[in-house]
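So that we are looking at the same thing, I have put the structure below in structure tokens.
Each chain gets a letter, A, B, C and D, in the order it is written, and its residues are counted from 1.
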Amino acid sequence: MTNSLSMLVADLYPQLQAWRRDFHRYAESGWFEFRTATLVAEELDRLGYRLQLGREVIKAEARMGLPSPAELEAQEQRARNQGALEKWLPHFSGGFAGIVATLDTGRPGPTIAYRVDMDALDLNELLEPEHLPFREGFASCNSGMMHACGHDGHTTIGLGLAHVFKSLESQLRGTVKLIFQPAEEGTRGAKSMVEAGVVDDVDFFTAVHIGTGVPAGELVCGSDSFMATSKLDVTFRGVASHAGAKPEDGRNALLAAAQAALGLYAIPRHSEGSSRINVGVLQAGTGRNVIADRAFMKVETRGATNEINAFVYQQALNAIEGAAKMHGVACDIALMGAAQSSKPTQPWVDYIRRQAQQITELASVVDRREQAAGSEDATYMMERVKSHGGQASYVIFGTELSAGHHNEKFDFNEQVMAVAVKTLASLALNLPTFGSGA
Amino acid sequence: MTNSLSMLVADLYPQLQAWRRDFHRYAESGWFEFRTATLVAEELDRLGYRLQLGREVIKAEARMGLPSPAELEAQEQRARNQGALEKWLPHFSGGFAGIVATLDTGRPGPTIAYRVDMDALDLNELLEPEHLPFREGFASCNSGMMHACGHDGHTTIGLGLAHVFKSLESQLRGTVKLIFQPAEEGTRGAKSMVEAGVVDDVDFFTAVHIGTGVPAGELVCGSDSFMATSKLDVTFRGVASHAGAKPEDGRNALLAAAQAALGLYAIPRHSEGSSRINVGVLQAGTGRNVIADRAFMKVETRGATNEINAFVYQQALNAIEGAAKMHGVACDIALMGAAQSSKPTQPWVDYIRRQAQQITELASVVDRREQAAGSEDATYMMERVKSHGGQASYVIFGTELSAGHHNEKFDFNEQVMAVAVKTLASLALNLPTFGSGA
Amino acid sequence: MTNSLSMLVADLYPQLQAWRRDFHRYAESGWFEFRTATLVAEELDRLGYRLQLGREVIKAEARMGLPSPAELEAQEQRARNQGALEKWLPHFSGGFAGIVATLDTGRPGPTIAYRVDMDALDLNELLEPEHLPFREGFASCNSGMMHACGHDGHTTIGLGLAHVFKSLESQLRGTVKLIFQPAEEGTRGAKSMVEAGVVDDVDFFTAVHIGTGVPAGELVCGSDSFMATSKLDVTFRGVASHAGAKPEDGRNALLAAAQAALGLYAIPRHSEGSSRINVGVLQAGTGRNVIADRAFMKVETRGATNEINAFVYQQALNAIEGAAKMHGVACDIALMGAAQSSKPTQPWVDYIRRQAQQITELASVVDRREQAAGSEDATYMMERVKSHGGQASYVIFGTELSAGHHNEKFDFNEQVMAVAVKTLASLALNLPTFGSGA
Amino acid sequence: MTNSLSMLVADLYPQLQAWRRDFHRYAESGWFEFRTATLVAEELDRLGYRLQLGREVIKAEARMGLPSPAELEAQEQRARNQGALEKWLPHFSGGFAGIVATLDTGRPGPTIAYRVDMDALDLNELLEPEHLPFREGFASCNSGMMHACGHDGHTTIGLGLAHVFKSLESQLRGTVKLIFQPAEEGTRGAKSMVEAGVVDDVDFFTAVHIGTGVPAGELVCGSDSFMATSKLDVTFRGVASHAGAKPEDGRNALLAAAQAALGLYAIPRHSEGSSRINVGVLQAGTGRNVIADRAFMKVETRGATNEINAFVYQQALNAIEGAAKMHGVACDIALMGAAQSSKPTQPWVDYIRRQAQQITELASVVDRREQAAGSEDATYMMERVKSHGGQASYVIFGTELSAGHHNEKFDFNEQVMAVAVKTLASLALNLPTFGSGA
């Protein structure tokens, strides 16, 4: 079996590379994955998967950090111009570019699911010869959008798994689900898929990432350091007035924001674990001699546990609303993204480790790594799966990177996609051995 | 008439000096004027004035900045020990040391009123030979209480007027009222007398001060630079916790106060006139390693007009309450004092000027002076008198000072009391000439 | 004489209107007045004035708030495309669009000077039929630049005076100087002309404005309410880091700016007169999860006197530099503009009043008006003229406005230009009567 | 041996209790341990130990948080009145109440040292019958000083060890040192003893505490959760002025402190471990209408490692100095206390565990416990011992407490002292078995 899997993936590799480079070239930021999703849907449909699309797998009101309708429409038009397939586009229109592809073997058995994400970052890709994607002609043609986190690779891994499972369907039991998620950046999309119920029937769940500083040839079977997080956009609305002539008529939104920023950073540390607060962006005012009537802040909270993050989040609301009151201005707080803290289930991590140890390309297989404190919204899916007794983990395939994630020079060694497909496929193919310790 | 007045006052001078030195020696701070008031009442009663005392002339709930019942009781006992007269003390018990003495001539005519204040400052008097009151044995024997603003002189002037009016009663028409007010410092007492109605029947009102930087021999007939003011005591109440072990359990009152202080000083300037804000005192916390559960601030607002002060005051409430909300603490705001802005009525200023020009001791008689921005709660009385069509002014008799007001070395040339009695008495004696331009 | 002046101006009116509309259509913001200046120079040269241009009348290092070389070059090219005259352009290249035109009569007599300004505002003009300049085809064709303060009218008045003085040269004595200043908005340009010496020989100086809320038909002969001001651009430069992974590696420029803003608004009031402080713009940070490494603020200080403004300015430097130190970031403070407080000289105001009373179009002639606290850099010229004993004033011609200054719908009744030319010309023509009281 | 040890300690128990109750009754706060130290010295001298006293074991300039000379003198007089022994007092005069007692067996062998502390807390003890020390007549007779942390017990344990070692001297090898430290509260004293060299020759070091929430009958052999800390007293010195009359003349120390407080709490979290910051006390200003010319803050920083604390400390200096600069005031920063983070050496913890397992009174023997984040200056001694290759640990003997540490009702079960003496003595008695695993 392993032999046939290896050969299958080897044959598939040129296709994997072609897909990845196409997705990279037409990079689409969160909630704008219109072109990507239609191509993915077309391929999955061609392979014979049962598809659930758009509103079937995304609960509209649970989406966070959604762009404006005008932006969504403009980007849909852009996608159409770049080859999005009209056949599928209506399903995704308006910020619904999510897909769940299901393969029901007809044989009794559990449901195993994989989650990959499809969105790019709001970043301009480096257009210089030193950068391989530019040199080889697949750098992003979309200004301000770049696959600088490897999600193009993740989407490709999802398609690779779809191929493999279809080819080896006879060796599978139960049901396989492939989840293609939009808007992971900013932790905006997963919650809406969870609330649409896409993991409610899942027994074994695995989310996938590549890179993140893990060395090439290493697999982290159960990444466990994700912090719970909340992303807030805050707008203070005051009253403008001439700063020289009528200072008393103003209601100073800039001052409220400054006061809020200080209050936010003063949120107490928590004795039970790490916490974070950041005001990453503050923009206020229009002219030197005008009392600023508007201020905008991008804020994020984090906590080592959901409880710690909830503590910081609640304090942040107080700080913001109190600062608004101090200066007599109104404030709007919009939740733009959120993720949870989630630990993998140990039996599933153990199983993944055992399977991975069979993969010759993996020189090192570890349970966890000390990692910098990041956040991931696949944690919503993990927590949901765990809540009904399922197994869940988050795996990271190490690979060479040309630059750090979220950098304009980011690129990865595409071989990692083949390794990931092979390893992840083996999880489903050998699932009957779960729990056997073999 | 002027001759007899001059002789009367000359005869009275030793008595004036004796009274002043007695009041100075037993200095009593605001709402504690128990001994002073009983001596004043005794003298006025002896002279035959009709007296209204305590709750008759002070509306209890309109008093501001009242000390605690325990402090009031202790000071009353102290006064008793220092010779307060038991006959009158019950009237003043509990913070009601106000007196209105009325002389009704029985002849038709308007009501003319004078206001003097009786309270000392919370200050330790200098006990060194260089300081005349110490050298001559009448420095304050009450620790933390000192007549460093001249109110001992004002009270004396009030008694001097009582003597003169009684002696020259046959030359008077209408009614004369002498108002002895407690707790002018901190602008705490006048409002409670106004609300008790003590100036509701007054046609001509004059409040008196000595010193304030006006040169000896000069009279300011219509001081007009008092700023409206509000005095606030603010208490933030949070929750203590160990700063190392459980920082998240605290609700930080110190931080709320710090944030409030910055918000208060950031209250906008006003285009229509001067404004002021000050946090003069901030005390917070109990121990280095404890999240502060309590913070206390003494705040004051000022404005060139009542409207400007009201603007600053309202903004201050916002700043304080918003800061409390920011840090999840409660706050109490107590109004400890208030005064209004008030302009003298010009006809009365003109009349005072004409009378003063007859007083040989006054080398200079002016309507107004550029003065530093202070506050005075006689403004409440002035505004009330003006509101029913009366005339009102605030006069300042210049004199030599040994040091500035509110200084531990403050003292004044006692001769100014005689000049003041003579000048102020002439206002009533010549009242029939008001409006004649003569 | 007056008759011939009236007829002259009446004949000139169509030309005034044409000039004004041309300047309005090709509105050029401060330091970008390339096209305007070449047309002005051409006309003055044609009339026979002796011209001093560019670096002759503008001291390079005394210019404030200069745009970048790249912007200056781009705008010069834009001006060239819009008909700037190559003959004069080199003089103004690089931000030197200032002109002084001199008419020396050869007859003995004093030097009288007028100052007009030529720059537009950074504003998009309303392009709707309700707005007359759009309806009649002379709305600004330059995006982000609009004559919304009337300087197009001022420049035209300057050219009108040039015509009149040339026509009536025989009636003049001494020397007339017409000063065309760049970059008055933001109070950036006057100081550089003063430091180049352009008013060092001036005996009588008059600066001109139209509108500002003064009613049509009224002249304010000696506007005296300008506040001294300083305009600061502040940049805080810190170090970025990932807010989740490495918060300790950041140096937070956003926090420094927030702290500075609070410190700036907390600068004390001044007992000797009005002061102002404003942070009109604050922009900081790049992404929600990044410690902000850069923050930018636009700040302005004002004071009723130069001394008060200097006090606020010095305190502002402390607040900014201290806030930078607090958060371990660097800061750059650039002076982008400045103006002084200046009072007109009363004899000159008296003279202007007497002349204006002869102008039939002026229904009301007043010395001064209570005005909102604005700033003007002609004050630098006034102070310099006064420093060597000259007379100086600032006059305002009232007119109907379609909207307030600095509004996208601003427009004025063009008739005011004729009234201004007539009135201002009479100042020079009747100068021998100065001081005669006639 | 164990039997004789048990009997010895059983015999000693009444004496232990008597000592402890005497120390408790005459509680002496940090640097004031005059009486306690003389009694300890007398007893150690009587037993025949070689004593090093005062300046021999305390480096004057390394003391932190020293009271004023006047306070030291007053407390020395108080101690004298309460029975301090004149024979020893001169050694400790001026804040030098430290003792090192040495027993050199003359036989070759390593040096083993124990550290106990002697100071009380600044706290009023509860004087009610519900509180055993009051009921049994040994509550503190010193107002504002109370043994509410058990150091009276620690001192007693030190004396108990002295007795035991002298009795069993023949069973010992090498050298035993007993270190009696002043001023542990506020982490003020240990550094001065380390810098005097008292542990430079120590091979095995053990610091001792009782209580801290550890259950009765349990020993923690290697407490490892102490955070490094710095204690700062900050004084801002500005200029007072009348807030109404001359606000511009003030330099506002209260504002500087408020700004500093916000800056301090905004110090970033650290990705490598816990950190803490607290402003526990802020006191500023003298009067409501005066610009505050003085502000005082008690600040502390903490970090899970010395590096993290150093990071927070450096940031704190920036915040304080920058805030002073912002408001034009001076600031003084005094280091009032400091402690390090220190991990026990595992071989020594292993050895202690093995010895403790032989003590029948100890039902539970553990290496470490999750503890709240506190600080301890014995860490200075541990780090010094480790720096020259020695073994070091910090042990905690569990006991019943009547209330938490630092509470006015604090008391402990005195039996713990006997258990501690027995256990700690066995460490020296069995030292030859160190490393044998037996």
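One rule holds for everything that comes next: a contact is a pair of C-beta atoms (placed from the backbone, for glycine too) under 8 Å apart; a residue touches a chain by one contact, two chains touch by 3 or more.
Note that the structure is predicted; figures quoted are calculated from it, not measured.
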item	value
Pair exhibiting more inter-chain C-beta contacts, B-D or A-B	B-D
Most widely separated chain from chain A, with each centre as the mean of CA atoms	B
Cα-centroid distance, chain A relative to chain B, in whole angstrom	69
Whole-Å gap between the CA centroids of chain B and chain D	53
Chain D: positions in contact with at least two other chains	245-247, 252, 255, 259, 262, 265-266, 269, 271, 276, 291, 372-373
Residue ranges of chain B in contact with chain A within the complex	245-248, 250, 252, 255, 259-260, 262-263, 266, 268-272, 291, 311, 315, 318-319, 321-328
Residues of chain B touching chain D in the complex	186, 227, 229, 231, 242-247, 254-255, 257-259, 261-262, 265, 276, 278-292, 295, 298-300, 302, 372-375
In the complex, chain B residues that touch chain C	262, 265-266, 268-269, 271, 274-276, 372-373
